[in-house]
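Right, I'll just put the structure down here and ask away after.
Residue numbering begins at 1 within each chain, and the chains themselves are lettered A, B, C, D and E in the order written.
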Amino acid sequence: MLTWLVLLPVVGALVVMSTPPARRELHLPMGVALSVMPLGLALYVFAVFEPQSAMQLTEFHSWYEPWGIAWNLGIDGISMPMVLLTTILVPIALGASTKVTKRTKEFVVYTLLLEAGMIGVFVALDLFLFFIFFEAILAPMYFIIGIWGSERRVYAAMKFFIYTAFGSALMLAGIIALAVLHNEQVGAPSFALADLSGLALSGGAERWLFAAFALAFAIKVPVFPLHTWLPDAHTEAPTAGSILLAGVMLKLGTYGLLRFNLQLFPEASVDAIWVMGILAVIGIVYGAAVAIVQPDLKKLVAYSSVSHLGFIVLGTFALTSGGLQGAVIQNVNHGLTTGALFLLVGMIYERRHTKEISEFGGLQKVMPVFAGFFLFMIFASIGLPGLNGFVGEFLVLIGSYTTLPVLAIIAASGVILAAIYLLWAYERVFTGVPEKEENKMLSDLSVREVSLLAPLAALVLLLGLYPNILLDKIAPSTEAVLDHIEASTDYQVPAPGRLGDVFVAGGEEE
Amino acid sequence: MITPEISWLAILPEVLLAVGAAGVLLVEVQWKPEANVLGTIAAGSIVFAAAFSVLQWFQAGDSVELGTTGDLVVFSGLVLMDGLAIFGRFALLAVTGFGLMAAWKYIDSLGRRSAEAIALVLLATSGFSIMVAANNLVMMFLGLEVGSIALYVLAGMSRERARSDEAAIKYFLLGSFASAIFIYGVALLYAGTGEFEILGIRDFLAGFVVFSPAVILIGLGLVVVGLGFKVSAAPFHSWAPDVYQGAPAGLVGYMAAVAKIAGFVAITRILLAGVETLDADWLPIVAAIAALSMLVGSTLALVQDDVRRMLAYSGVAHAGFILTGVVGGTTEGVLFYLVVYSLQLVGAFAVAAAVSGAENAESSLESFRGLGRRSPFLAGSFTVLLLGMAGLPVTSGFIAKFGVFTQAWNSGFRWLVIVAVLASVIAFAFYLRIIVAMYMDESEAADLDVPATSRWVLIVAVGTTILWGILPGSLLSLAADALPL
Amino acid sequence: MVEPGWYMGLAGALFLIGALGLLLRRNALVMFMCIELMLNAVNLTLISAGRALNDINGQVAVFFILVVAAAEVVVGLAIIVAIFRLRASASVDELSELRG
Amino acid sequence: MAEALLFVVMGLGALASAVTVVIARNPIYSAMGLLGTLLSVAVLYVVQLAHLVAAVQVIVYAGAVLTLFLFVIMLIGVDKDDKREENLPYQRWIVGGLALVIVGFAAGITIFGDFDWVPAATAIDPAATNGTVEAVAEPMFTDWVLAFEATALLLTVAAAGAIALAHYRRRAS
Amino acid sequence: MVVTDFLWLVIALPLAGAVFLHFFGRFLREPLSGWLAGAAVGGSFAFAVAAALPFMEGGGHGETLLLWEWMPAIGANLEILWDPLSALMTLIVAGVGFLIHIFAIGYMHGDERFHRFFTYLNLFAASMLTLVLAGNYAMLFLGWELVGLCSYLLIGFWYTRAAPPPAAKKAFIVNRIGDFGFMVGLMIVFTAFGTLSYSGIFERAGDVLTTGLATAIGLLFLLGAAGKSAQIPLYVWLPDAMEGPTPVSALIHAATMVTAGVYLIARSAAVYELSIAAQVTVATIGALTAIWAASIALAQRDIKKVLAYSTVSQLGYMFIAVGATAYVAGIFHLMTHAFFKALLFLGAGSVIHAMSDEQDMRKMGGLLKKMPITGWAMAIATLAIAGIPPLAGFWSKDEILGSAFARGGWFSVLWVIGLITALLTAFYMTRQWVMVFLGEPRWEDDKQPHESPAVMTVPLLVLAVLSVVGGLINTPFRLTLENFLEPAFELVSLQHPPEGLAMFALLAGLSALAGLAGAAAAFTTYRQPAQDWMGFEHGFQPLWGTWEEAYHVDDIYGRVIVAPGRKVAEAAAFKVDLPVIDGAVNGVARVVRDVGDWARPLQTGFVRNYGALLLAGTVTIVIWLVAGQ
């Protein structure tokens, strides 16, 4: 099942590749159609997914026995939402790419390969396999930015690739170190997450390994001060690239922190609470502050990502139920809202060929539907309750206050800043009367564009009002992570109010 | 009567190659046929040599199974027929075959001189083939010289260009210098141990406690330098960029690959099979060479404007990566890396040759601009090969790097692994520069034709790069079996 | 009798002179002679070592090195002549177009 | 004693000739220096009972190889003296420094390092290494037969290589 | 089948209205969408009445109805708490909301986004009802933020004009500052209780919370409340919010949304109960805001600005009440204020409508003749807010002041402030009424004032009636409201005005006197010709100017907070992010390249240099090998 989930996009890519280059009008619709298939499969996975802590739908095929590497797949509450998110965003990203007129075929192929890699990252249970996917997806993304991006695309693509490759290089050393340790302790090398999390690590080694993994993921997230590739990459990337970059690729980092750092190095994770928490909070405030004064709409959204992902990191390292659940669901939420925002910015860019905020003004008058979607997503991003952004942020804040009270309070100030930069941007772009001639003649969204945005908006609302559809399935897995940490360290997951659970239960009975 | 100890099977591939070379020369003199006829002869000798190598492989496998490994020491210990030798030989043959195919357009253009070029290629391969099998260090030297001298000449073959001369004389002078250093090292090892044979040296070191082993160490050091030169490890790499740039584009892939294969098999044999007991002495030094190679290679490759020079410096870096595997102490990773890298190298130079044209006019980064449009096939293949060399996952290059890194970490050289991973990040940067030029820059130049032979080479190179990136087991288990005696 | 070590020391000195000569002279021919010097030093080492070890193989090896030297000379001189034809000079310092 | 005398004389001769090779401005003198070294060393071979090798040295080296060198020198022009100035910056300093380091290192290990050229040496038995034709031929054609065959390859390469390099000349001229 | 089982309909009706209008509103002709929206809210009101009937019989305990699970990890579900307090709030919101919907049908006549306006209005109603019906803090926060959203949307409704969008943004952001405090308070609550559910918190508050913790929570909630209810220091958004259409000002920025802060504190009574400090702070903030805003209101020229500051001031009263733990008094005033302030705003709206969007009172005057219904209705409201017995405002304000007096101590000071504020209130309200409705017409010639249509005047009249009789539900003589609300506050001890008729007479007399005095002073002053009262105002310079400029608070905030904040952001973006952080990244890349560029010339192209390097390497290796021995 999961194998097919990973391979379907690859098959799709091959299919597209085999179509004649002359039939360029076919490639994009084919891509969309082919990328809906994994979505269907992912929905099926979602349907059969049991809310329990163990890995599900696992598959194991030894790959090269002497090295202990294996095609080892599985899915749990932490990865399932991510897979779903990926499969949802890819068709939308492709659907938004009608303006990609040169080398459409390659574009579709790269996007589908990217999808396969991203799904692979989330379902891999073998660190070697994980790393393969984690690193391999750099290439298609590199091409997407580098070939179809705007003016400084080469610089941005290069920076993106090298920066993230730098991080993962050290992680590779860490993975090797773990496998070697497993070999020393058990007598056979293994890269399986389950095997490696049982290793006895010395304190020093654990810290170093934690740092190696954390660096790789922190660059990917990106955590302050490793974030500067992100605005460049986003600004230059084509719309689809931005959507997938913000929507999914950044989540590889937060997912990695949660899945690997917490699982493999519980002791070091507990020690790192403060360091990671402080960096996360700096990211929240700093990213927001920098976003306020960005003159470029895409850069603004990019910096808002820095800020929002800070919440996820904070929640992850808060090491509480609320924090972890919030982090996981915020992964999804941020993917949906920021993906949608990039999609929207892309739509206006296609019309006006600029992203400068000062070039716009009064767009609500000429593009009311567009403005409506934009405002909707802005409020989702601000964290308006009832929309999805709030659920994650609120869980994270509430969850992290128990362990990191001061940081949680500072982080909460991020919600003010988010309102400032997003609403100010909205005000400058949309309100007033359109003065520039170009702006007066803009056409509102087409049916195609609305059909791309509508599912995202629906999900934003659904997750905002009924996040339990995911939280139910997330919770057992995040609890398992906490149990693992409790079992392997002195750390006690704080139980807020001590009697809290009893009362929640009581509340439900009434 | 004293009779020499003869084992035909062990040298049959070399003999076939030599016969092929002689045949090519004689046929040329007698009939002056089309180059394709000569090519067929060469191909025949390579294919048969490869076939007998396969036979040797099974023979060697049987001997290992039956415990009669003594049978594999042939010609009174001059050469061996162990897994390492046969694996290396097969790799050499494969590279030779593909190298000739990649260079075919160039060779064809040489006209009457094509016979000499083909003969020299076959002879070089037979020499290096002896080198990888050699147990006796003088024998190794002979093989090395046969191969090297042939390469010096090949570097200077392209007489239409003054640069080719320059490449040839540089290669020749420095190569001879390095050879002299190598053989002086052999002499000192002989003085120190009384043995020319690698296995003999191993037994000597295992059997005696040498109180003042300085002469052995100096000898070992010089031998390592001599071989390090052949594989273009820093700081013995200076020749490589100049020669790669100056020599005929079509042949450089072959020249670089065979020298690397033979050199590394020899290094592996000497260090891991011969003087393993001295590893406390040589490990740090080999590690230092490895680190220096990786850093020098990657950093300098980053600032090159000529693709062949860039590939040369990347070759320096790759020498460092492979040496990392040597430091790791097992042959598996080294051999896997070697095969993977040599095929990529041949493929990459096939592209460079196709872009430069038969007479190797230009291989500047500039000339690769817009290749994605001018020849999607070339650009696509080159991209895969470059990413493979860079070690991006899903290519064999990643598996290869992963293998040598794991081994090095396993043997405790963690700092080296960290240097290696950082160097591979720098390496990404310069491989990507080429890709940028191909896809992200535009050019007005006309579309390019790819010779059919090059096309096949590229298909194989790209195919194996991806195949072994996804299913490395087939080659890895072979490499794991290719143990030195 | 003279200890083999002395011969080998002498050989070492010759090798060093050869190596230094190689680096100091720019005439390709002379550089090449220096390489011959170095090989010669190797031969002397081998013979002396063989003598000290009571091993005739040292002398046998010298033969092969002589052959190598001869073969190198053939090819090397051919290259030098070829270059001279093109540039009317045997100075390697004039061949520095490939660099960087 | 005679051996010591010969060693000193021939050794100094070899060194002096070698230095001549390096410092002579005219390649002819260098060639003569090389000849001197070769002959001196040949004498030292004889002293060490390597008769056949000595003979081959004189015939092959002094006879054939050096003649070849002289041919080429003639071809290039005998009357051209090399200039003495070094035109590569630092080259002499670097080489000088390296030479000093090497000499210092050699002196160091010889004086302080308990250096032994042949640590595995046993009592010398002159008969064992009496390099007559017979004594050398026997191992050469038994144990070393493959190496001997390999020299054929070497010579083929040399021949083919020389032809290949010269071949062009025919066409171009 | 119990009626409360369908309580969700109270929220769902207006929500459905909003959704329907959002998607299909554009297909409806103008008044229809308004009536539809009104009907939805009216339906809610009817339902609420039906559901609240059991409480009328007294002793009605709350019940919680789970809708669905939202964030179970923090005990936050969508659940409705139906108790007297929420019932009363629902009635106010739905009732006043209904009237304002009707009014708006007339007011928004002709607007091209007519249906959109009612979409937002309905959404607001749903949100506000969510807020008051929430069974836990998370859901309350949901409503809390959604009303903020609606406020944003409605203030900025006329987005093509220059002023509304920034005002909307300001409102939202300032509210967010308050929300920040609220959220932090919630974090503490969750940490302390492990849940955000009211049922899990209030009953255990006494056991779980220390005084310090209770104070912290109380103050943080106060910050939130101050944001929403426009108290010092976060009141600045409310005057700007008047840029929205007047029905919005009436509904959101007078009657309902701004009272959410009061509701929050009242709802959290069990927490405030544990901290005297928090109570005192709440009351003090309230008192300061009351007099501060009242003084500003004195000098305003814009008819809506007067009302805005008046609202701020009146909310201050409510804060005094809830701070003094006189929750019933606070809620009582909340209710009466909803009536008369909504009336005032609608009346002002009617005037503005009639004057073709003129808002400057100096350009009005003598309007009573042109629009008598509006004028007299506003007169009633003015008297009510001025605290003239027996109108609604008198009773509620008196109860607050009485409670403060009874509490004694520091609260006596607050009582005095409240009394002075009552005087000022009466003055500026009377000033407004007189300036608008009496005296010489000062409007420009092209204006054609006229009475508004029935759809606008009927709600005015209904509200006028309520402003008159609304106070009677809780007089010292008949404590209907008290009895009604009592069960909701059974966990706390309520502060009451002093017992006894004499005390009542004294206090009521004082406040009535203050009201009468203020009203009389204003009446006599502004009955005079314009230049006279202008002279009067001028006589108070520069104080009057300061008041007129609202103490320059916006300016100060701009200089002290906004401008430096922007500087910091710009410095972060352009002085830190680009040159330092990104510079470091690119710097590393550049260093590697520079090393390469530096090393390139070492590859000189001279073969003898290469040889030297080779020899040097050899020497190094050999020496290392031997020396390592």
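Heads up, the rule we're going with is that a residue touches a chain if its C-beta (ideal position, glycine included) is under 8 Å from a C-beta of that chain, and two chains touch if they have at least 3 such contacts.
Keep in mind the model is a prediction, meaning the values are calculated, not measured.
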Neighbouring chains common to chain B and chain D, by label: C, E
Just how many steps, at minimum, does a route from chain B to chain C need if it may pass only between touching chains? 1
Min distance from chain CA centroid to global CA centroid: chain A
Name whichever of C-D and B-E has more C-beta pairs touching across its two chains. C-D
Inter-chain centre distance, chain A versus chain E - centres from mean C-alpha coordinates, in Å: 36
Chain A and chain D: spacing of chain centres that average the CA atoms, whole Å: 70
Where chain D and chain E are represented by their mean Cα positions, the distance between them in whole Å: 101
Measuring from the mean C-alpha position of chain C to the mean C-alpha position of chain E, what distance in angstrom results? 96
What are the residues of chain D that contact at least two other chains? 88, 91, 95, 98, 102, 109, 113, 116-118, 120, 143-144, 147, 150-151, 154, 157-158, 161, 165, 168
For chain E, residues that touch 2 or more chains besides their own: 589, 600, 603-609, 611-612, 615-616, 622, 626
So chain A residues touching two or more other chains come to 162
What are all the chain pairs that meet the touch criterion? A-B, A-E, B-C, B-D, B-E, C-D, C-E, D-E
Contacting residues of chain E [partner chain A, same complex]: 63-64, 66, 68-79, 138, 141-142, 144-146, 149, 152, 156, 159-160, 162, 164-166, 169, 172-173, 176-177, 179-180, 183-184, 186-188, 190-197, 199-200, 204, 208, 566, 568-570, 572-574, 577, 581-582, 584-586, 589
Within their complex, state which residues of chain A touch chain B. 63-64, 66-67, 128, 131-136, 138-139, 142-143, 146-147, 153-154, 157-158, 161-162, 165-166, 169-170, 172-173, 176-177, 179-180, 183, 189
Taking the touch rule as given, give the residues of chain B at its contact with chain A in the complex, in rising order. 387, 392-394, 398, 402-403, 405-406, 409-410, 414, 417-418, 421-422, 424-425, 428-429, 432, 435-436, 439-440, 472-473, 476-477, 480
Chain B-facing residues of chain D, complex: 109, 113-120, 138, 141-147, 150-151, 153-154, 156-158, 160-161, 163-165, 167-168, 171-172
Chain E-touching residues of chain D, taken from the complex the two chains share: 88, 91, 94-95, 98, 101-102, 105, 109, 113
